[in-house]
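Heads up, there are several structures right after this.
First chain A sits with chain B, and in the next complex the same chain sits with chain C.
Presenting the complex of A and B:
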């Protein structure tokens, strides 16, 4: 490997070196050259079996009529599944809910997370303890967290309605009401994931160049001016990356929603993910489910491409 | 002259704060007005034969508290305007920005910091606290209309009861086995791939790496239909291979480890080669020891992810012998759902048992996880 680099740098010199090095080790080099490919091979194999093949297969199934009734006989029906999905209000409902949940949860998480990080940015006693506690919601099993919040939202004995009563506000049905169910679920997501944004931004803040802040202080800027004109612009790449990473996760949120509502009441919290799951495991309409999954895939892929593009642009 | 006054106001620092307040109160006013509009719309619907309860339901939170929003918002606007006026007067009379004001600002900031830190601690810990104390309450106490902050009577029997109702020990064992093998698989495959993508030199290495990363980012939530079909054809439904194999490679692991391997200077590898190490030897004796902290961190995070995963285990493990803890806990609720009384205390006991091992692991290894989280953010 070294030789290749040297040749690029100074061709005249290295020709001699390579010649002398090549002759005795020709067979070895052949092995060396090919062994390089062996290391990523398990990953490649896995990717083919568990990623590329399934994605292609999902596309294929989305073009067939595979369901419970068709059994072993699967026939190709072209774009019928997609056409049927476009006619189905439940599909549009699930897309709407997915976007509603993602935008609401991630939007609030980013604003809150950045604000908290800016406040906690200076060293103070107990900072590490606070950071540790911030990690706790991310570590705790989401299913257990979902169950705990279900108790919180319980209309008669839950703490949520009790708190509303203390504040003099009318009781809410929380998960039982089709209006409140998505905001209620988003609140759990916010509780769980705002800390991640905070920690990412805190790490980003620690890596910012100090000169900019010193210059701003010399110019007599107030703390809030510094935040607005210096810190936030410098932090923009970090915040953007955190935002898109959270979007990818939020788009495919399954555990919290399924544990707390299983998509209900009615279809009021049936996101795309849960819709596809229900189609395949409750109705056994694999063809239609695959078509819905292709829609979800498109959303997630768009976000992923955005991350890769941003990494390249901002060199992160 | 007016311009210079504005400049002085801005230098004081209070100006920006007041602008923030003004924006906030204007938002409140806007919410109040929206509430009124919504209220009127719903009132019109009343003619269309909706019941009063349905209207209340449709109105939601904002419309019902429209008066509060509007009053608080208007008061806040008034206070902010008063603040602007006071600021203008004080700045107009005062020639210089006093040192005292600056000190006050700093003082306020410190106080704010502690208040926010305290609030975050409370908010983050409270649901977990509530889960734990609910798991110790009796079911009669849990059903009280006024929730108690501390159990009157500690009913430790909830935990043995749960163990009797569901094979929790089995769930824990399954989770441990599954997570352990996922971790080992990810380490072995991940190390090989990371080595290839960091120290290998083949054509199109970086492009291939991006492709691999992109492919691995496809979540199982999208590809579960074919993977489930494959797994069931292999007869792996309700088996450990079925739980483990689809999770053996992770983009996060390869990415983090590649970064770490790349930071190791090539001269160390050359030195190893001179000492007669082959490629595997280089990985085991040079790269892994040098990247040990990162390896430990990623492995812990892999372990936590494996422990907490729900989607795939729920699908593939439908029998109690192979259920993982996350799936098992929800079963606890379903068995009780047939009964009239909701046994939330036992559900919470199950949830606590699911969380305790992972939280203890987290507390023991927090040093590594903290380091990993700040590194993960830099990716």
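Presenting the complex of A and C:
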């Protein structure tokens, strides 16, 4: 009997609630209905304002003759900046150096990184400490690291030449020589980012199916055979992704190069990034700089598309 | 056939031991090159100029605090430290506010287009935005303001946070919100009250990395912060534009910049690794 009475009382009670809470209830419903739009809207707006709009603006500026001399008067000159860029030896030099730096740095990073990961791939005391040490070069501020390496590379007082002397090798000019400057910079990048490959590969190794290894062991394969015929083939997609991600970052390297050489000696380490920076902020040739920027992000965008395509093909 | 432990001969124990020791030596040889430059920087920060430039290098010395004194007394480093902290914290917090709901909706409603834009923003070279930003911010007189600097750092932080959190939300079962919805919760309440509280690990990863990237950012600050908003990386870079470099001061400044990053990494090691490798390995 009691229960029935309770149920009868209930409608009146809920009515009171809906009446008093009518407004917030509606707002809530409105938010819920449009949540697909409302949740990503601020981010979308921000991305538009800070990324898409600037990129479109760069395209526009790349079609004008805007520089310090033209001052306020900007005129539309079509594709002239691109044509001039293609006639500019410094531009091709910078593309060449960017690729040289990237291929050298990333190539060595991948080989070293995978090798270190294969060595560390077991349980041992102090594994977390080793991982922490590997993390430090990546999280340490690149500007500070660049300056420290500048000191190491200093020809008379630096550790670099001291080490060469101990090994009985002739001293090097490091950053001062146009032949050695890119390898010297690549070495800093290798120091910073080899651990990245190692950590990615270690995570990849942890997710490999154990059956394949057990089968290989049963067949009596030696450790080296297992690495060559089982581990590396299974790791291939992981290594590929790590490689492409590193390539994209290495193509964009700015901090250490700018801090250590600002593109010198001469233009011997002026990568595309540094070239575009110099055009914009040292010569204030905004039109020409924009054309170089378009070239740069076309290059990086191509790499991005490669990543997207790879994610689809390898289902990563 | 496996031997019982008491049947293993002394020679075998010795062989296993030597193999172990050799392996540990190899690991030490691998780690030394990665830690050595950092140790050298820290040591140099406590040396005098003469000790730093000495050749052959000096390994044992009486530490001095003079470099740190001059960095903080003569160079106003306390202010740059404050500026860097403000920019890093503000850009991280704002990016979380914008990014968490966006990541949730991209994850749940499979909004691929926005996802691709976020990925592109994450992979684009920063320099391609720098020149247009500089021109536009100059026009509205916003160069050297905290707002412009924070906004620029957010373009690094936001895509990073969204990217990490999409991966994280993808791994959470939908049943969590669905049962909350059955109980009469709206989607936004379910997101706030149910999903966010259990997303701690993902949020810690995203926050730590976003803070680190802003803390270390050089390129955007180089152009967008000149005097008032000068951050640590710019301050240390200015040291070497003088004719004679005081290496002791540079190294002390380097220690001041690197230490917070290292401490953060030590505390959140697991999360930093996760964040740096996310997207490269599934899961």
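Note that the second predicted complex is superposed on the first by the 283 of 316 C-alpha atoms of A that agree within 3 Å, B and C clash if a C-alpha of one lies under 4 Å from a C-alpha of the other, contacts with A are read in each partner's own complex, and residues count from 1 in each chain.
In this section, a residue touches a chain if its C-beta (ideal position, glycine included) is under 8 Å from a C-beta of that chain, and two chains touch if they have at least 3 such contacts.
What you see is a predicted model, and the numbers here were worked out from it, not measured in a lab.
A.B. asks: Based on the superposed arrangement around chain A, label chain B with chain C as either clash or fit.
C.D. replies: Because the two structures are overlaid on the shared chain, the partners are seen to clash.
A.B. asks: Per the contact definition in the header, classify A:180: touching chain B only (first), chain C only (second), both, or neither.
C.D. replies: Touch partner of A:180: chain B, not chain C.
A.B. asks: Which partner does A:215 contact after superposing on A: first (chain B), second (chain C), both, neither?
C.D. replies: A:215: touches no partner chain.
A.B. asks: Identify the partner contact of A:224: answer first if only chain B is touched, second if only chain C is, both if each is, neither if none is.
C.D. replies: first
A.B. asks: Between chain B and chain C, whom does A:140 touch in the aligned arrangement: first, second, both, or neither?
C.D. replies: both
A.B. asks: Once chain A of both complexes is superposed, is A:103 in touch with chain B (first), chain C (second), both, or neither?
C.D. replies: A:103: touches no partner chain.
A.B. asks: Check whether A:170 is in contact with chain B, with chain C, with both or with neither, and answer first, second, both or neither.
C.D. replies: first
A.B. asks: For A:58, select first, second, both or neither according to whether it touches chain B, chain C, the two together, or no partner.
C.D. replies: both
A.B. asks: Looking at the overlay, what does A:280 touch: chain B (first), chain C (second), both, or neither?
C.D. replies: Both chain B and chain C are touched by A:280.
A.B. asks: Between the stretches 26-34, 44-52 or 116-124, which region of chain B is in steric conflict with chain C after the superposition?
C.D. replies: None of the options clash except 116-124.
A.B. asks: Share the list of chain A residues that count as touching for chain B in one structure and for chain C in the other.
C.D. replies: 35-36, 38-40, 42-44, 46-47, 50-55, 57-58, 61, 116, 119-120, 124, 128, 130-137, 139-145, 147-149, 151-152, 156-157, 159, 162, 191, 195, 199-200, 203-204, 207, 238, 242, 248, 252, 254-255, 258-259, 273, 277, 280-281, 286, 289-290, 293, 296-297, 300-301, 304, 307-308, 316
A.B. asks: Quick check: in the complex, which residue numbers of chain C touch chain A?
C.D. replies: The contact residues of chain C facing chain A are 24, 26-27, 30-31, 33-35, 37-38, 40-41, 44, 52-57, 97-99, 101-102, 104-106, 109, 111, 114, 116-121, 123-136, 151-152, 154-155, 158-159, 162, 186-189, 212, 215-216, 218-219, 222-223, 232-233, 236-237, 239-240, 247, 250-251, 253-254, 257-258, 261-262, 264-266, 269, 272-273, 276-277, 279-283.
A.B. asks: Flag every residue of chain A that touches chain C in the complex, lowest number first.
C.D. replies: 28-29, 31-32, 35-36, 38-40, 42-44, 46-47, 50-55, 57-58, 61, 116, 119-120, 124, 128, 130-145, 147-152, 156-157, 159, 162, 191, 195-196, 199-200, 203-204, 207, 238, 241-242, 245, 248, 251-252, 254-255, 258-259, 273, 276-277, 280-281, 286, 289-290, 293, 296-297, 300-301, 303-304, 307-308, 316
A.B. asks: Hey, which residues of chain A end up touching chain B in the complex?
C.D. replies: Residues of chain A touching chain B: 1-2, 4, 35-44, 46-47, 49-55, 57-58, 61, 116, 119-120, 122, 124, 126-137, 139-145, 147-149, 151-152, 154, 156-157, 159, 162, 169-170, 172-173, 177, 179-180, 191, 195, 199-200, 202-204, 206-207, 220, 222-225, 228, 238, 242, 248, 252, 254-255, 258-259, 273, 277, 280-281, 286, 289-290, 293, 296-297, 300-301, 304-305, 307-308, 316.
A.B. asks: Using the touch definition from the top, list the residues of chain B that touch chain A in their complex.
C.D. replies: 10-13, 15-17, 20, 56-58, 60-61, 64-65, 105, 109-110, 112-114, 116-117, 120-121, 123-125, 127-128, 130-131, 134, 142-147, 188-190, 192-193, 195-197, 200-202, 208, 210, 212-219, 221-227, 229-230, 246, 248-249, 254, 266, 270, 279, 304, 307-308, 310-311, 314-315, 325-327, 329-330, 333, 342, 344, 347-348, 350-352, 354-355, 358-359, 362, 366, 369-370, 373-374, 377-379
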